[in-house]
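The structures come next, written out as structure tokens.
Heads up, the next two complexes both have chain A, just with different partners, chain B and then chain C.
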Partner chain A sequence: MNSASSGRALPWALVTPALGWTLLFFVLPFVAMAVSSLTAHEGGGFTLSNYSQFFANPSYWQAMVNSLQVTAIVTVISVLLAYPFAWILAEQVPERWQRLALMLAVLPFWTSYVVRSYSWLLVLAQNGVVNRALTGSGLFSEPLQLANTRLATVTGFVHFFVMLLTLTIFANLKQLSPSYRKAAADLGAGPIRTFLHVVLPLTLPGIMVGAFLTFVLCIGDYITPQILGGNNELLMPQLVMMQIGRRGDFPLASALSIILMAVVTIAYLACARWLKIERA
Partner chain B sequence: MRALIRLVSGLYAIAIYGFIFLPVVVLILFSLQATSFPIPPFTGPSLRWYEAVLADTRLTSALVNSLLVAVLSSAVAVTLGFLSAWGFARFALPGSGLMRGLITLPLTVSYLIIGMGLLVLFNWAGVPKSLLAAGIGHVVINLPLCFAIVYSQMGDHQINIERAARDLGAPEWKVLLLITVPVMAPAIFAGFFLSMTFSWDEFVISFLLTRFDTTLPVEIWNLLRSGLNPKTNAVGSLVFAVSIVLVVLFELMLLRRKPA
Partner chain C sequence: MSINPKTPNPTTRNTISVLKSHLHSACAAAALLLATGSLAQAQDLNALIWCDHADPALLQPFEEANGVRVNVKEFEGTGAGLAIVEQSQPGDWDVMVIDSIDIPRGVEKGLFEPLPEDKLPLADLFPQVKMDSSTVVDGKRYGITEKFGYNTIGYNKTKVDPADMQSMAALTGDKYKGKIAIYDYYLPVIGMAALAIGKKTAELTEADLPAIKEQLLKMKANAKLVGEVTASQTALATGEVDILVGGGEWVTAGLAKENPALDFSIPKEGAVLWSQSLAMFKDSKNKNLALKFIQYIMSPEGQARLATSSCYWGMPANTKAALSDEQKKILRFDEQEEFLARAQSYPAPNADLDKKMQDVWTEMLQAQ
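Up next is the complex of A and B:
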């Protein structure tokens, strides 16, 4: 083999396996799903009925509304809780303890995702820790219905995303050059003004990225709503899984997945545009 | 003013730490429960549920399956990711940006949809549900990650070392194995480690693509059907312990590498 021909063949030999894998096991499955979504469960030719079902059936439509509501609530609460926490870790904790403080703050990340949701079920159950504390202290005479509610789903999600957002916002705050704050102080701004007019606007793009990540991961998650929310109120991923599990209706499940993906893509496009305007 | 900020900060941090740790503490505490329900009052400590977990062959074989899938799928993902990152970083290929975009695309799609797609495809192609099918899915989610990590660490100074080796007469495969791989070892290791943790914890793809032999998260999911059970606490605590050990090892390796 002469060096000229190996010079051209080698780079393709390097990138082809990864490209091939992605085409075969990511792009092709997506095409298969798209084609499947255009066929009827009972067999037969091309049909749009799976998509029209989604728009015609109010319970399917409701699942999307629920998903969007839960995701929006989770994203807002998580950002509001995580930002001050990350700020405290970055500004108030002495430098040498910061790494440890941050590691502790994300320690429960390392329990498995399924187990983490189950743990919240333990906390929120009818005779769980929270209800024992509430009835024991005499605040309530009857245990509250906490598990299998939207509140439980939101709590489980917020727990996960507070950890994630603390990480990303902390990194953001640390990247901020201290000279900005010094300059603001030199110009006579107090700590509150410096924060509102300098630190917060400069970390806003980072917050948006974190919020978008939260949105994407939250809206596509099946585990948390299934374990904590139960079947009282369905979210989109639960609806998708239900089509496969109970009825083996792959075409409808495919159509619902594609609708879910379309919503995420729209959110991405909206978010990307917003981010660019912020940076300009 | 400053003292007030410190006080409020301290209280807030304690509250958030409390929220973050509450479920983990409850999980571990009631894994040591002596009676059959992981609810107050605490009746332990007892190790009977840990013994029950270790005696449960479904759980232990699921654990072995999980490790197997995690190690093998991560090895494939990091190998493919590394080779393609090297190819794109060192050679000018037509349509390079587009192809790199394609490789990282799966990062933007939720696991549920990746799993669904593979399920539909395999169903059509007649590929049976198996650990292999789940492993293929795990490579799909981890390959973009490994690629991105290694690609971002391919700098110009490494090109010079590689060039020096070529000038001294090393063939490409020798440059790759003796120069590039050792130089890129931290990035390769980071990609492998991250893939391992994602694969180890991945649920929905394994749930959709396996049937009888399955991974630990799916087996734990099956346990949940029996409701609240200290055995689930015990297996959850064990998984947590294993992960913590791995993380500490990873941190120590990073710390050891720093002074060098």
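Up next is the complex of A and C:
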């Protein structure tokens, strides 16, 4: 083998494991799911009915609306909470304490996701800590229904995703050179103007990366709405799971999953401008 | 039983089916590894089970007596269980726990082996739970009922008036609004809704669905949550709700020691009888061992252990189950004849009606 051909082979050799992994664990399952979604549950054969059912059945469509609403609420609240938290960590906490502070910030990640959701159920329950505090303080005479509601689902999600967003925004803030702020100050900008016109635009990629991750993970999550939402409304992942349990309707479940993936893809395209790796 | 006339003929499968089949085969090895954790050895018994069969107190005596290991894989829902089988190699599984009404689905797919009736204690079973209309297909027995119970009204008797629990009207009235949970499984609760409006569960048709839906929506309007097994059990046990629609001994009996206030009623409208069966796989490589396992589960000792499994309690199908007096009292063993006389069969819709029932359930869940 001459050096030219070996030079061409090397990049392929290096990329082959990643390519194989992607083919095996993403492309192949995706193709299987796509094929399944076009197959009739009863009797097999090509059909588009699995997709048409989604658009024809208002309950199915409502699941998508619910998912988008919950995901949007969670993403916005998480960003609003995470940004100041990340800013305080990056700007106000002394360098030597930042590592400890970050570790404390990600502490909830150390617990099982399921356990964490059930913990929230207990906290928000009729006899839980929150209701006891509210009734004990005299603010309310009767316990509020907090558990088994959309509020509970959003709370469980936000608890998780604030940590995720804090990490991405913190990393972005730390990468920001102090020179930008010094230059803005030299030009007469005050702290608020510097933040709004310099810091915030430059950290937008970090916010968008975190927000996109939040969107993707939130819209596809089954556990949190199932445990905390009390099935008082259905989200898309719950609707997908419902097709599998007793009836084993994998074609319809596949079609619903692909529709969900399409929504995520649209979200990606909408955010793509800010999702370039080199800017994050 | 209902055999689906649309079952594809292997010789006329289209391209999509062939591709799908190949893709399934390609994924099978990995899926099985994920499903079983560790694959079987020669004399191991591989069982697809519900959580009540995972109790070591149930499995260990059989393992020790026969010098074998029972590998179990839990699943929820017949569809999910059959999907695991489809993604496995023939012979990977030996026995399966399945809703009695779904045995024909397995027979239709050619999965199950007829069971030798003369080697099973069929004469000792409560006659009402033998479910021959589902467990016997074309004159051959493919399943044996091992455990049963009722989807009815579970409640906390210190919080509600037990007299109110004798009628399903309490579930839709204002008195217990916000104190009710609904068990999240459409077939039994649709059965209960049918009973509440005076329909027989065995005769349900598509024409009944609008009235059933209306009844379900009334229940939903009163409910705090619609929860699966753990969520609904937790809600009742912690006092989040006082009534569980679809609950029964499977919720209250296991919690009796910690919370003796939990009880269940069979209201005047009746209750829905649930039952689970054991079936043996046609391709099992250990049919003798599989039969021994079924015999053990159906024995008085096995039945007592299964009935009081740590996951959930339920009535043993065998009248000779070796339960203690206290266990019998908790399960209300001596009242079974009366309960069974008032219970109606689990809805067993065909595929089309099943889909429509699930859609009604989806509409109920989405209703605000």
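Quick notes
One rule holds for everything that comes next: the second predicted complex is superposed on the first by the 246 of 280 C-alpha atoms of A that agree within 3 Å, B and C clash if a C-alpha of one lies under 4 Å from a C-alpha of the other, contacts with A are read in each partner's own complex, and residues count from 1 in each chain.
In this section, contacts are C-beta pairs under 8 Å (C-beta built on N, C-alpha and C of every residue); 3 or more make two chains touch, one makes a residue touch a chain.
In this text, all values refer to a predicted model and were calculated from it rather than measured experimentally.
In this overlay on chain A, chain B clashes with chain C. Of the two partner chains placed around the shared chain by superposition, chain B is the only one that A:115 touches, whereas chain C remains out of contact.
Contact with chain B, but none with chain C, is seen for A:17 once the two complexes are overlaid on the shared chain. By the touch criterion defined above, A:232 reaches chain C but does not reach chain B. After overlaying the two complexes on the shared chain, residue contacts for A:240 are found with chain B alone; chain C is out of touch. Within the superposed three-chain model, A:96 lies out of touch with both chain B and chain C [touch as defined at top]. In the superposition on chain A, contact of A:222 is made with chain B only, not with chain C. Shared-chain residue A:60: touches chain C; no touch with chain B.
For chain A, the partner that touches more of its residues is B, with chain B and chain C as the two candidates. Of the two partner chains placed by superposition, only chain C is touched by A:42; chain B is not.
In the superposition on chain A, chain A positions 28-29, 32, 36, 121-122, 125, 127, 227, 244, 250 are in contact with chain B in one complex as well as with chain C in the other. Residues of chain A that touch chain B in their complex: 6, 10-15, 17-19, 21-23, 25-30, 32-33, 36, 81, 84-85, 88-89, 92, 103-105, 107-108, 110-116, 118-123, 125, 127-129, 132, 159, 162-163, 191, 216-217, 219-223, 227, 237, 240-241, 244, 250, 253-254, 257, 260-261, 264, 268. Contact residues of chain C toward chain A in the complex are 4, 6-8, 13-14, 16-17, 19-20, 23-24, 26-27, 76-80, 82-83, 178, 184-187, 224-228, 231, 234-235, 238-240, 351, 354-355, 358-359, 362-363, 365-366, 368. Touching chain C in their complex are the following residues of chain A: 28-29, 31-32, 35-36, 38-39, 42-46, 57, 59-60, 62-63, 66, 121-122, 125-127, 145, 147-148, 226-227, 230-234, 239, 242, 244-250. Interface residues of chain B, counted against chain A in their complex, comprise 1, 5-6, 9-10, 12-13, 16-17, 19-24, 26-27, 30, 38-40, 80-81, 83-84, 86-88, 90-91, 93, 99, 102-103, 105-106, 108-114, 116-121, 123-124, 136-137, 139-140, 143, 147, 172, 197, 200-201, 203-204, 208, 216-217, 220-221, 224, 228, 232-233, 235-236, 239-240, 243-244, 247, 251.
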